[in-house]
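First chain written, first letter: the chains are A, B, C and D, and each begins at residue 1.
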Amino acid sequence: MIKVGIVGATGYTGVELLRLLAPRKDVSLQVITSRELQGTAVADLFPNLRGHVDLAFSAPDSDELFGCDVVFYATPHAVAMKTVPALLATGVRIIDLSADYRLRDQKLWEKWYNVAHESPELLGDAVYGLPEVNRAKIAGASLLAVPGCYPTAIQLGFLPLLEQGLIETGSLIADAKSGVSGAGRKAAVGSLLSEASESLHAYGVAGHRHLPEICQGLNTYAGESVKLTFIPHLTPMIRGIHATLYAPLRAGKSGVDLQKVFEDRYRNEPFVDVLPKGQFPATRNVRGANHCQIAVCYLEQNNMVVVLSVIDNLVKGASGQAVQNMNIMFGLDETEGLGSIALLP
Amino acid sequence: MIKVGIVGATGYTGVELLRLLAPRKDVSLQVITSRELQGTAVADLFPNLRGHVDLAFSAPDSDELFGCDVVFYATPHAVAMKTVPALLATGVRIIDLSADYRLRDQKLWEKWYNVAHESPELLGDAVYGLPEVNRAKIAGASLLAVPGCYPTAIQLGFLPLLEQGLIETGSLIADAKSGVSGAGRKAAVGSLLSEASESLHAYGVAGHRHLPEICQGLNTYAGESVKLTFIPHLTPMIRGIHATLYAPLRAGKSGVDLQKVFEDRYRNEPFVDVLPKGQFPATRNVRGANHCQIAVCYLEQNNMVVVLSVIDNLVKGASGQAVQNMNIMFGLDETEGLGSIALLP
Amino acid sequence: MIKVGIVGATGYTGVELLRLLAPRKDVSLQVITSRELQGTAVADLFPNLRGHVDLAFSAPDSDELFGCDVVFYATPHAVAMKTVPALLATGVRIIDLSADYRLRDQKLWEKWYNVAHESPELLGDAVYGLPEVNRAKIAGASLLAVPGCYPTAIQLGFLPLLEQGLIETGSLIADAKSGVSGAGRKAAVGSLLSEASESLHAYGVAGHRHLPEICQGLNTYAGESVKLTFIPHLTPMIRGIHATLYAPLRAGKSGVDLQKVFEDRYRNEPFVDVLPKGQFPATRNVRGANHCQIAVCYLEQNNMVVVLSVIDNLVKGASGQAVQNMNIMFGLDETEGLGSIALLP
Amino acid sequence: MIKVGIVGATGYTGVELLRLLAPRKDVSLQVITSRELQGTAVADLFPNLRGHVDLAFSAPDSDELFGCDVVFYATPHAVAMKTVPALLATGVRIIDLSADYRLRDQKLWEKWYNVAHESPELLGDAVYGLPEVNRAKIAGASLLAVPGCYPTAIQLGFLPLLEQGLIETGSLIADAKSGVSGAGRKAAVGSLLSEASESLHAYGVAGHRHLPEICQGLNTYAGESVKLTFIPHLTPMIRGIHATLYAPLRAGKSGVDLQKVFEDRYRNEPFVDVLPKGQFPATRNVRGANHCQIAVCYLEQNNMVVVLSVIDNLVKGASGQAVQNMNIMFGLDETEGLGSIALLP
């Protein structure tokens, strides 16, 4: 029985963690914290949890966190960095869904998040929780940084191509489309149904916080420094990310069977599904599921490789991936509790 | 040329007023105020107005308001009541889209709005701006209270039945469904796309602020005190109200041709469209238009009259009706500037 | 291991059955039929099932159906009635999600479905699969008729009131709002996103096929013939039914604690959740889950009882309820395979 | 008074034409045809037109077409090509919203549309109706081909860059996102709300019919043959196209002020609005309006030019542009009847 605590579970990654963890018989929810709502029943905030979660929110500094085997942080950035060191020091393992430990470079982090990091000494120890590249390290991790939603969809899409040196790395393009839940459960005019429904727009054109995280990964897989143009778009749906990736094929690689490259790379991955040639993914195929669906095409006339990669931003892009990491960290079947099928329609 | 001012035009009724007024050649927009955004170009807040509205927001106490022929208030409740008296005193006519002058009974108003009314002496003078019942008074009004969105849809639906004494008034039911824009352009978690999309729920079951306003009207038309059960629902769309009204037919009235009653009542109304027998309205039929579409049915087996009434909450339910009232007040063609056709699909 | 066949699994109740059954270790999917798509992989039609369902569609008269323990019919009406008798005769148990065996009265069925019933002799044997009223009969059923979506939401809402004789039965009103998936996965202009999105309208005002089914149930619970006005509405969401029910309280019953009546009635029901006083249900609270959430209010001034009842039309309103029935029929834990939590947001 | 006929007005471009033309005092709607619905009142099919359009649908070969000054074709492809020659021969001017006369190259057309062209002799005479490049020719046109929706958004986005030789033309990318109305008012499973809502996917990855039309334009503006990778996506909204365009800046052009290039190019265009630096377009800004909103950015680090271009696919992408062309052809103010403001929210 794994004793679990969750810090800051009033947002969408929080309720999604609870949806995935509450039914499990090998997990015991010990404590769920919230600064504003302590004392409120969790199921009063999230009525889908009625009958499944009996806890009330505790104070964020609850001592019960120290009695947990693992504590998830489902907080905004710059929160985990304050209290993670104390928990780690007593042997509690940490799975941080926020951005606090995703970048290895402190200066880069501070530049993009515009605040001083309060536990930079941990940046080197934190393991980046993308199981498809880091499975072995994850197993032994004390401090795990769960990748962001865009970074997951985009890295999984480019990964096989970069590892095999198949594409030019000087002009990578990631045109990404996200559902509104990516903005979190925060009262903001731009996320109102009346604003975001029946509309679509790009944002963060000049630079989005996920860019350095994506590049950190892509540089590693490529073994060189890539140039990525990343344009995220807000789309009128709740869940889902669709990343459309473009890169010129490298000279001399036109004979390579890209479909096979992807299938080989992900053959043993339980949560990455390379679609058969000619099929294209849709975000609804993975709604509520921990899967990434990927298709790859080569447009010969333009010498352009196009990759389509979809995830549910709250599952494989956040809480599902967090649970997948927990399973690996605790030596469980990696798919435990993640077997439910996407809700379609 | 009518000189127009708008107080508080940062919400949805504000931008809708501007959409309707800006193209008019007989209207001159003089001043648009906002407490928070003074100095900001109106078109920077509402990019659909680029090229149509060149003004920037002024301070809410701008002197220019006093130079207007008419000032619209597109403010939350309890704002207009503070500054309307001074404007009225200098001869400026007022069209208030908020609730401040809709109820004749001060105590009732203060009970539902939970604040002391600051210009209660005007409640008796204010004209309730439902042209289909008050056209003559509107023409001479100095202070006009624009009806609420639910009250418009529901009153227009019950009106012919009550005027003719055709229904039992002891158990009226109004089951109303509204788009999310009815909640305004206000950052609120419940109005987020991720909360309100793909869901539907009732609210205000124990009592909604529009109830006394609706009953004030229905009582008048019926010539007696009615009992109305009014349950509003939030539905996952931006615009539109669909009111489904139920009332038992009065004994002895089964021979009455209800279709004809409605057609006769609204024959000369430019903005109330009684559908042919067997057709039912949909909110999209009136999206962006100032029309109310109505159907009436009699379910003989149950002796039940059912009325279906739809409007666009921001047009006939707010800004369009306000402009219709302005047209009447200034002796213009009542349909001036309101002739555009609903956007379908 | 229960051997399961599904007839006609190309619609939304079909894919939903597969979502619920595929992950189960105590169920073996033997055969899935489709007239048009035989030979096609099921997961090619429904990509959410990739990796979960390996079968291809078989012909509708596949012999393998006779080797099943239970066969689900996820067909339009007037299909099951043709082939169910032969399967029943060989001892295969039937769970019919269509309307073919829901009404006990053949003439009534033929009037509403406008076709001659081809196995009317079974109407008397068929068990109406609403576990909350028929659990014992369901356990022994050979032929089970799964209730419709509207009938489930509405019957569960009125049930406690009618059983206790608390409401006037002469003017019941059910104002129901449904997501578009209730219309099925059928190419129809009215169900297009461009038609049904951003709009809301009533339909079937003169009479909907679910009306006799609902009344058959309500009459039984009331012990008398009720009069129900039932107005369904199409709303711009995929899943969910919200039934808003109205009935006058019976004279002399004003002292009854309605909240307690509902809580008592459903205390032991695993899938009916009576909300605490003052909370109201939303369809998203049960999206993807087999739960019905209910709230009851008494509006004293109007002597009106209002019940709000929500389900996911494809789960408790169809495939989830079918699985619940299967669990009961085969002596399993009634909640087996139905424990997953609603997807929110 | 311009006498107007419309062939095939039962789809979305048809109803949109009627929305724009019906209120005009200088236009007389003479005849509206439909093969399936002749005899049906147009307003029965499109209830938003009640009170605005009194005509019924005529047979597609109605003689009245020959009495018109101009006939719009709002038909699927391969329809106009059959009957346009006869109308042209009698002096009726033609505005074809379909694809029949958009390509100058007959073979290319037949390859992409997979049918023999029946009036290829007209391909050379037809004028491509993009006013921003062809205004003079449009004025004198007898046969006008209205550009497709994707081609309009994409060409207007690339136009200033190609005319000035500012970008590399060997790896242009157009990642385009469209609302579902682009698929027309045709019963198709993929366009159902239950399929297309809450989801997003690419389609036509291997080649979309708009590709040769777009390239025909881009090649002309560039004065050389460009290579364009064009990936369209279906997004969960009714209206709107958002094109995100990528191209490397040409060597030696880094000093060019791209913002100024766009502003200069479109300064006198009434329907192309270059946003101020730092503002990005959203499709809702132009919903129901004939405007194209454009933003241009240069990402120096990647040497990448990014252009964001939005239109309403049914207005500037179809019927609004058709009306704009009609205005030019008949010597009217180009903006006549196109002055209404986008519906926001």
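The criterion applied here is as follows: a residue touches a chain if its C-beta (ideal position, glycine included) is under 8 Å from a C-beta of that chain, and two chains touch if they have at least 3 such contacts.
Here the structure is a predicted model, which is why all the values come from computation and not from measurement.
Please identify which chain has its centre, taken as the mean of its CA atoms, farthest from the centre of chain C.
The chain farthest from chain C, judged by C-alpha centres, is D.
Does B-D or A-D have the larger number of C-beta pairs in contact?
Taking the two pairs in turn, the one with more contacts turns out to be A-D.
Using CA atom averages as chain centres, what separation in Å is found between chain B and chain D?
The mean C-alpha positions of chain B and chain D differ by 36 Å.
Would you kindly tell me how far, in whole Å, the mean C-alpha position of chain B lies from that of chain A?
About 45 Å separates the centre of chain A from that of chain B.
Averaged over CA atoms, how far is the centre of chain A from the centre of chain D? Could you give it in whole Å?
Here the centre of chain D sits 39 Å away from the centre of chain A.
Which positions in chain B touch two or more other chains at once?
12, 181, 185, 194-195, 197-198, 236-239, 281-282, 284, 287, 345
Provide the residue numbers of chain C that touch chain D in the complex, in ascending order.
Chain C residues touching chain D: 12, 179-181, 183, 185-189, 191-198, 236-238.
Contact residues on chain C for chain B in the complex?
Those in contact with chain B are residues 171, 173, 175, 177, 194-195, 197-203, 205-206, 227-229, 231, 233, 235-240, 242, 244, 246, 248, 280-284, 287, 295, 297, 299, 301-304, 306, 308, 310, 345.
Along chain A, where are the residues that touch chain C in the complex?
These residues of chain A touch chain C: 12, 15, 18-19, 22-23, 44, 46-52, 181, 185, 197-198, 238-239, 273, 275, 279, 281-282, 284-289, 291, 293, 339-345.
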